[in-house]
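When the chains are written out, they are named A, B, C, D, E and F in that same order, and each has its own residue count from 1.
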Amino acid sequence: MLLTRKIEFSASHTCWNPALSEAENQAAYGADANRHGHGHNYSLEVTLEGEPDAVTGMVVDLKAVKAILEREVMEPMDHRHLNLEVPPFDRVVPTTENLAVEIWRRLEGQFGAGPAKLRAVRLYETEDLFVEYEGR
Amino acid sequence: MLLTRKIEFSASHTCWNPALSEAENQAAYGADANRHGHGHNYSLEVTLEGEPDAVTGMVVDLKAVKAILEREVMEPMDHRHLNLEVPPFDRVVPTTENLAVEIWRRLEGQFGAGPAKLRAVRLYETEDLFVEYEGR
Amino acid sequence: MLLTRKIEFSASHTCWNPALSEAENQAAYGADANRHGHGHNYSLEVTLEGEPDAVTGMVVDLKAVKAILEREVMEPMDHRHLNLEVPPFDRVVPTTENLAVEIWRRLEGQFGAGPAKLRAVRLYETEDLFVEYEGR
Amino acid sequence: MLLTRKIEFSASHTCWNPALSEAENQAAYGADANRHGHGHNYSLEVTLEGEPDAVTGMVVDLKAVKAILEREVMEPMDHRHLNLEVPPFDRVVPTTENLAVEIWRRLEGQFGAGPAKLRAVRLYETEDLFVEYEGR
Amino acid sequence: MLLTRKIEFSASHTCWNPALSEAENQAAYGADANRHGHGHNYSLEVTLEGEPDAVTGMVVDLKAVKAILEREVMEPMDHRHLNLEVPPFDRVVPTTENLAVEIWRRLEGQFGAGPAKLRAVRLYETEDLFVEYEGR
Amino acid sequence: MLLTRKIEFSASHTCWNPALSEAENQAAYGADANRHGHGHNYSLEVTLEGEPDAVTGMVVDLKAVKAILEREVMEPMDHRHLNLEVPPFDRVVPTTENLAVEIWRRLEGQFGAGPAKLRAVRLYETEDLFVEYEGR
């Protein structure tokens, strides 16, 4: 069974790769390459997989999930400028794709020993664009 | 091909396991353990799998799907108190997980002989929490 | 200028007036008259009116608004059975209309001395039904 | 990794198969069989699969995706009557299922040589009914 | 107090005024002028104004509202081509504006004698475009 | 009659008033005071008031509205850092309130001579917080 918790956070980012020229950055990222950055209300769906516990009927303790998401995502990323405040985005371009990979990396170990395993993260940059990552 | 129909129903529930102590129930369910119950506008997505019929171009007769969902979900569960009126929730804790399993159990046999098979049920308790069950 | 904050809470209710007969209750409330109750994810929009402060550029301190809504709405009503746990709904039928009036009554005095005044409460019982109340 | 782009288009259609009798069309399609047609705001989610590029951190050039969707879906289908203006729906019944298959067919070749491959199309006829097609 | 009920219907229309030239129609309506028509999932919010009844706590009998909307809007307009099947749109251009006026005209008399009066109709053609009409 | 067009734009901002101390800024703006800034997908509803034209049935030419919103809002604000790139936010704190006032100021003159007048701007910072401004 899959259980999904959704949270939202607001952050700034700019998509600019110093290994590329100005023109190459513009070609790759368009308006996202604006060096001053811009921002989004990111919406994150974290999907866990497990069996409902025979006694509680729950796949996972939702209070524990909330604490993990608070510590690993909300605290470091909400109301932040990703490039300036959230490693590794000082050196990795914070595209939606790379941000999903980083969130997976932060969360994966947190659920390793529990009854539910991390199955997927789905990250919406806007309502019209989202990525889904399952660790590979 | 997958076809999904979404319906909504309003129900009350309380999450309380008599095999657990008051403290254990509070620890497991938090505010959900309030004995008086509380309620949700549940949103249910029922996903069927099949091939479009060569003549009609339809995977399934939507009027038949509506009749099944009406009989198996809406009639017994909408505007009900799950613990008090909807077996097996007189003895099974109506967590979102257990409710999805019960809905699967009620629907599975209904689509067995038809051109489309039940593939998944996705149940939203709120916009921010949902489970998905595929029968195992 | 109007500023609106939206919150959500889950509650049970039943619409049943002891001054009416069984048949009259059924006629007035339909499925809502089920004595065991049912529930909703209520969505509440609280609208305040005021001028942006010349220094902060804000109509109101949002942290104070959050504290008021937490104390006056979330704490007493979220995860509750309105008829059984939230006066005056032990004697007043908790229709969406009456619930909006009660929320207005609880909030009105809280904003009386502040820079922003309560202008309206809009309460959604479902996505398809909502009421708006401005204190008269 | 999966990346999904969502677009919307407005179109008319009627579900009527000339190989069926009037009664059979009514039985199969109900109100959808109205010969004058009716319409929808279709919502289309196009899902691509690929690896983020090591330099750009992007699975695919979103400007190229937009151009493909503009040319293959928006230009031929938006603000059109599917049966009258969009082959093969002059001879194929434009059910949601058949429309998803046709959109897949139009898009599949467009992504064949690129770094990202077409993985799925999900087509919403309304918020309550959608199909998903993965090419088989 | 205001009470709003929301319904949805699917219809086709074309915006074309025979009193205008082809070029003038294109200038006025753009893609909407396609003679074959296109369609939308219209979303309609009907707002009534009244006082909650002292006994029932309700502004209006929702079952009666549903019956009126079914008879005056859903039955004549849902799954229809407005220009071809719904007078006066055989001679009046069915812009969102004119459609809202016609819906107001059909509904106004229905609520005249009741405890609640028609206050406004809000009609969404898409999520991004809506009109609101209050009878003048 | 009111007609509303909705657009979305992504921007960064920080709420920090140099006339206030660090502690005062934290007290006023909380996490919004992070000097590196953060961002939002702003949703803007622009409401115009006018009569449907007797010939076209339209309150306003939507293509003209789109061009105005593109020039006055999207081009200067989308994918921008409001404090660094969008006057007067180099010296005015870009709270949601002040941003709505600035958008009103930019739009008001654009509709002065036309058949439709600017009636209101409603600006959502998130789904749960929005302001509405009518020019006073």
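Convention: a residue touches a chain if its C-beta (ideal position, glycine included) is under 8 Å from a C-beta of that chain, and two chains touch if they have at least 3 such contacts.
Predicted model only: the values in this text are computed from it and were never measured.
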{"item": "Common touching chains of chain D and chain A", "value": "B"}
{"item": "Target chain D, source chain C, minimum contact steps", "value": "2"}
{"item": "Shared interface numbering between chain F and chain A [over half = same, under half = different]", "value": "same"}
{"item": "Identity of the chain that, by mean CA position, is farthest from chain A", "value": "E"}
{"item": "Chain pair with the higher count of C-beta pairs in contact (C-F, B-C)", "value": "B-C"}
{"item": "Separation of chain A from chain B, taking each centre as the mean of its C-alpha atoms, in whole Å", "value": "29"}
{"item": "Separation of chain A from chain C, taking each centre as the mean of its C-alpha atoms, in whole Å", "value": "34"}
{"item": "Distance between chain centroids, defined by C-alpha means - chain A, chain E (Å)", "value": "42"}
{"item": "For chain D, residues that touch 2 or more chains besides their own", "value": "127"}
{"item": "Category of the chain touch graph - line, ring, star, complete, other", "value": "other"}
{"item": "Chains touching one another, given as label pairs in label order", "value": "A-B, A-D, A-F, B-C, B-D, C-E, C-F, D-E, E-F"}
{"item": "Footprint of chain D on chain B - complex, ascending", "value": "1-7, 52, 55-59, 61-63"}
{"item": "Residue ranges of chain C touching chain B (in the complex, touch as defined)", "value": "8, 10-13, 31-32, 34, 36-41, 78-81, 84-85, 126-127"}
{"item": "Contact set on chain B toward chain A in their complex", "value": "15, 17, 19-20, 28-30, 92-98, 100-101, 127-133"}
